[in-house]
Amino acid sequence: MAKIEYEPYRSLIYVDCAKEEYRHKLQYWLYSQHIPDSIAKFDPWCTKYAFYNALPVPPEGERFGTVRMQMTEHYWMCNPCSPESEINTLYEVFPPEALVWQGLVPDQFSGERAVSVEGATEEVKENSFEAPSLAWAFLPIFWENDLKGKGRTIKDGPNYRWQFMIAYPENVEKEEGDRWMMEEILPKFAKMPEVNRILTSKIIKEVNHGHYDRLVEMWFDGPEEWYKCAVEGMKNMEKPAWGECERFPFLKPSINIASIFISDLVTSDNLRSYRGYIPMR
Amino acid sequence: MAKIEYEPYRSLIYVDCAKEEYRHKLQYWLYSQHIPDSIAKFDPWCTKYAFYNALPVPPEGERFGTVRMQMTEHYWMCNPCSPESEINTLYEVFPPEALVWQGLVPDQFSGERAVSVEGATEEVKENSFEAPSLAWAFLPIFWENDLKGKGRTIKDGPNYRWQFMIAYPENVEKEEGDRWMMEEILPKFAKMPEVNRILTSKIIKEVNHGHYDRLVEMWFDGPEEWYKCAVEGMKNMEKPAWGECERFPFLKPSINIASIFISDLVTSDNLRSYRGYIPMR
Amino acid sequence: MAKIEYEPYRSLIYVDCAKEEYRHKLQYWLYSQHIPDSIAKFDPWCTKYAFYNALPVPPEGERFGTVRMQMTEHYWMCNPCSPESEINTLYEVFPPEALVWQGLVPDQFSGERAVSVEGATEEVKENSFEAPSLAWAFLPIFWENDLKGKGRTIKDGPNYRWQFMIAYPENVEKEEGDRWMMEEILPKFAKMPEVNRILTSKIIKEVNHGHYDRLVEMWFDGPEEWYKCAVEGMKNMEKPAWGECERFPFLKPSINIASIFISDLVTSDNLRSYRGYIPMR
Amino acid sequence: MAKIEYEPYRSLIYVDCAKEEYRHKLQYWLYSQHIPDSIAKFDPWCTKYAFYNALPVPPEGERFGTVRMQMTEHYWMCNPCSPESEINTLYEVFPPEALVWQGLVPDQFSGERAVSVEGATEEVKENSFEAPSLAWAFLPIFWENDLKGKGRTIKDGPNYRWQFMIAYPENVEKEEGDRWMMEEILPKFAKMPEVNRILTSKIIKEVNHGHYDRLVEMWFDGPEEWYKCAVEGMKNMEKPAWGECERFPFLKPSINIASIFISDLVTSDNLRSYRGYIPMR
Amino acid sequence: MAKIEYEPYRSLIYVDCAKEEYRHKLQYWLYSQHIPDSIAKFDPWCTKYAFYNALPVPPEGERFGTVRMQMTEHYWMCNPCSPESEINTLYEVFPPEALVWQGLVPDQFSGERAVSVEGATEEVKENSFEAPSLAWAFLPIFWENDLKGKGRTIKDGPNYRWQFMIAYPENVEKEEGDRWMMEEILPKFAKMPEVNRILTSKIIKEVNHGHYDRLVEMWFDGPEEWYKCAVEGMKNMEKPAWGECERFPFLKPSINIASIFISDLVTSDNLRSYRGYIPMR
Amino acid sequence: MAKIEYEPYRSLIYVDCAKEEYRHKLQYWLYSQHIPDSIAKFDPWCTKYAFYNALPVPPEGERFGTVRMQMTEHYWMCNPCSPESEINTLYEVFPPEALVWQGLVPDQFSGERAVSVEGATEEVKENSFEAPSLAWAFLPIFWENDLKGKGRTIKDGPNYRWQFMIAYPENVEKEEGDRWMMEEILPKFAKMPEVNRILTSKIIKEVNHGHYDRLVEMWFDGPEEWYKCAVEGMKNMEKPAWGECERFPFLKPSINIASIFISDLVTSDNLRSYRGYIPMR
């Protein structure tokens, strides 16, 4: 058995809620089953495990691949994707519907309920579904680049955080894609007065063979300021040769860009605060 | 000084978020300032203090006076509105903007930010704002009437809970209004197969001189089922003589009816789980 | 709806484990389902909810009606058996097998597993099972009588606690039965040097229409000392006219006497320490 | 057994540390033994149990009977001094030296260590020791009189709190003494700009047959402001006919006046935060 | 001083209770003294510290060296047996009787109580006592071999876990002994339908110079199923040449095999849930 | 970005309180702002974060550079002073007055309040202030040298701990200074019967480029015993050639020696017990 090394990582998962019919079901599974399953599995080598509720999608947020449920964050002491870590006494309960609720498979794959889409044949529906890329990224425990707003404290006010992962499409070199992001896109945002803070790190893709290449976090006073910058401010941005869509961010939503809007508030710091699933009276 | 008697109550407050620009600001004040202020004030005679996040407003939910932030719940050992309870060493920090964020006063009353409404004069704006009734109700600690679904357990699945408070308008006797609700409306809902559970209690108005008369909680599998019942199922309901609006619930939203949609999940059980305001890294 | 009065009670339930095949099943239901179900139901008016593991049954402990699982203890602020308290949104999950696991119904009543008793017909089995009396007693929150050992502290050493409930049989007046216990039995124990502590209270039967009449708690250094007192020391005790059995305690085990042996240790203080059901890795 | 009534009280104990040789010993007993002993005893009917460390005694604080260890605070649901509450299974470990450490008995009464006072004979020492009055007061859970600073919040800055209990000497009618405090002393303080807040309540003496008559809490920015008010500002105050000392507060320190200086900070909220006695590595 | 490396380990200790007279004494020492002593010592480099109560010994469990108290589990970030880790400010309180209570030394070595063994002289008793091997094993934090039941979740039902450590006797090569276990014994168990799960790891003997060689965990529905497999199912197993006993497991109980039966339930997760030793009222 | 290595450290900060006017202000900032700021920043790679209140300065404690507020202790998993760790989303709120409160800058540098020093010109004041050396030391997680009292347990009684950091002055070689401490000073203390325990480690200066060279912890029964040893017992100690002061410890207080007196009690174990800043009612 290979020696287990100290490999600290932060990992982030963007969790979507495919429609409102599923939100409380996804919640129920996450809070009553998945949190204790997860703690049981990795408590001794995980140092933080938290949920952050997604804020509502702002106008035009859809084309940034914005998810509607939550961001799940872990900090690890060692690699949770090593072959060694795959042997566990108890496995996580993962109902197939949980994939439907998250929008990772289309409704008709679910054993639980047939979702009727009027006039659509089975074949059409299957064909019309493009599975989103799994928005699960490993990162260094510290941010790599602090591009704007260094020194901000919580006393400077609550933050409307836009966090996104991007993958550069196959028709562009990763280096070229990243140059575009780091030298054209982010500096442009950095100049906008409504942008309070920008941080970014390269995603460590080899841990989980992840799809996405880079993570960016940008802070605003609120969704109006975000709109002013990300939608209006980028309106005249030139589409790169390899762009997939006509408008910024020029990437296929949920395929090559995934976003979440969150506040500073930790919804559930699972290792510290979880007290079981005790429903409302 | 009057003797403090044992007077157990449950009290509920429906908190709205006037627009998305305010959600994280309201959150920040609630979680960083208001929870500790409140615990400091009433910890020794309050037995539960919890927040329940509002689920997104379902289609046509607006005309039921649906709030968008949270339900705040307290259980009290003694009357928190007695003259005795009003003397405290420290008072709660209550920024005037918090009223704006909750939609209780219009934006222009806020010292924090001027909200521009194009072409509107100050007078117009003031006139155009009708303050919502304060949705704060005192209740017995046990539900009074169990109208449908007795015996349901958490194993029967997660619940999409619609909770609402109604006040009967001035042009109808309270008894007559209540007869209508208890003998016409709720029995009609009780017959619908999508309604899993109905509970209701009379609001104890004398504690806080509250506006609302009755609280109802009804459970569905999800918002689609709610829509089928509360919108479609009540479409042909006859408007009572004293009705204020053309369609069910025939009451002015946020004035004589206030609703919230919640799941079983307690977002923050403040007396048990609060650990201070520790923001996301 | 009747006014809810302050009625502080302590209530105790002796939980048996019918055989070792059931212990971990009963545990799983209690810790994964029943604790959160219970907290959800009564958190705001219950002030303590704890489990105390039963110590193993000492030699000859069976004829004292000794249970093998745990003692469940609640402290209440108001009557949990009032008609008002019976209306709840969510009910407790109570699998029928849980009654079998506790020995309250015979195995064949369980839907889960048929327990084969060789050669026995259904009728015979039913007849051969005498259901134990439900060992659930309400008590004042303070002990009524302190008969020996007042002033003992935890520094005097860990205690082997024998706690028992007795019901006086139908063929004796309650007063006469209680006189016998208070004036003959307990004083005799009080004189034995191995008995470190005796406390007793009358059971408040009207709350839950309970079967048992009196609760006694007696402390020893260990099971050998208990044996010396309760078995050997009572050997020559004269059987009362109304006695049901030949030997002390002269009562039918599990019918008119129920015992438990516990230490000072609280196994699970559910309102304070419950963190969900997180199994061993 | 008498019915246990709902009788909410707050009770305060001022704990002194007779000399620095004792502080860590008193701490060790309080935190390792007394907290768990106390929680075990009253957890189900006590709603708050907290320690507040005394700030260092300010210049001339001694003549106000200032204690040097801590204030112990309880909130009760029912009378903890009733005859019923005196029967407990386990009693608190109370080493005789703990009285010496607190200055309640002189050193030579301690079995633990002989404290040498040079040249003093046993008789002299005994005579020279005047035991302080036990500074243990029961109060309503709400303050009775709010004399200055209503509306102050934690955002107005941290508070240097002077809290004191006074007993009117035997040679003055209680009513007359209280008139002097309420109509002469406190109004005089209320006029001083350095006094930020004044609250006071009559002590409920019948619960524990306590010595002290009235509790006052007064807030300053710090000890310099306190000195300016309580020492300099009261310098010319006329001694009442029944005064015991020449200078304000005209009462024998630790006999008829006991003080403590505390901040807003709760040092140990024992029911919520106690985690056992885990010493520094 | 040597650099402290990241060396993650799981370590397990099987704790026996020599007789019932000792169970509550061992409990008292473990919970009131040993837990806080231990946390104080290793809190900053230990990531989990938990107790799992032993289930009662099943029929014929004795010859598998079954312990009767608990399993103590630690997860370490660095080697707790390094010379560096041996310097501590405070050492653990370890009363000599604690060894007697655990059956590690015979009763007569205890200063606390003389245990009478009729007719035995001091010399005989000493000679008749064979100290059990210390059942303390270091393991990788992940199981090495998953031999049966991969994918099982907590929803598949509660587990009756048999965990054992074996040491191959001196008269057999370690490799040969391990071949026997891995290729003959465990595969035989894996074929039995009552065996739900098998996992095993080699013990890392060099950390603590431990006695045992391999750890195995096997899950059943309950003790009857265990009996059917481990006793009846192995009845015809051939004794290996180096076997020490006539029947399976062919090893001297408590010398070369130590077992414990546990459920999934963590009795006390000491780093997360310990709240001090607060005895039952 | 450099790989983050496992580098376990303990770090200690001695925090002074420049005068009593500041104690509650420093407390308020530390407990309401600095703890949550800090937890947010380093929770995932810090394993312990605790405050230990300073005991009052004993007679003549000033010339040992004794601080009056607290010792702040961290245990780290990786280097908190690496360039990588300096990029954070949110920075700590650090009001300039906090430096004044701690005595790190003179009062007049504070923007909050002008401290009047009569007759002093700005220049004089600046010149008269010698900033103390920052008493912040990194240490191995285990003590390096155990010089006296090995084996002491908490049952041996509460400890009066004197902990100090020393820096050898510029006019002496570090090796020579350390030889003096290790071979002359500490052995002399080790021979004194009032000294119960001595431990020492070399400070790891390269982590934070710290000023101090060595940390020593010495335990006594109380401040009288400390005085007997550190003041009286060292009275005749010869001043080394490089000594800066006439009397032991021959070092400039707060410049080359910093001390704190603490007990075993952890005042606030911030990662485990922090529950937000909930002030006294």
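Letters A, B, C, D, E and F name the chains as they come in the text, with residue numbers starting at 1 for each one.
Operating definition for what follows: a contact is a pair of C-beta atoms (placed from the backbone, for glycine too) under 8 Å apart; a residue touches a chain by one contact, two chains touch by 3 or more.
Treat the numbers as computed from the prediction; the structure is a model and nothing was measured.
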- Tell me, which chains sit next to both chain B and chain D? C, F
- Contact-pair overlap exceeding half with B-D, pair selected from C-E, B-F or E-F: E-F
- Query: Is the contact between copies chain A and chain B built from the same residues on both sides or from different ones, judged by whether over half of the numbers are shared?
  - Reply: same
- Item | Centroid spacing, where centroids are CA-atom means, of chain B and chain C in whole angstrom | 43
- Whole-Å gap between the CA centroids of chain A and chain C: 52
- Residues of chain D touching at least two other chains: 6, 40, 43-44, 77, 88-90, 154, 264, 275, 277-280
- Item | All touching chain pairs, where touch follows the definition stated at the start | A-B, A-C, A-E, A-F, B-C, B-D, B-F, C-D, C-E, D-E, D-F, E-F
- Task: Please name which positions on chain D make contact with chain C in the complex.
- Result: 1, 4-6, 37, 40, 43-45, 77-78, 84-85, 87-93
- Sort out for me which residues of chain D touch chain E in the complex. 35-36, 39-41, 43-44, 88-90, 274-281
- So, in the complex, the side of chain F touching chain D is made of residues 20-25, 27-28, 31-32, 50, 52-53, 55-56, 58, 73, 154, 157-161, 221-224, 262-267, 269, 272-273, 275, 277-280
- Item | chain C to chain D touching residues, read off their complex | 6, 8, 10, 47-48, 75, 77, 140-146, 150-155, 197, 199, 217, 264
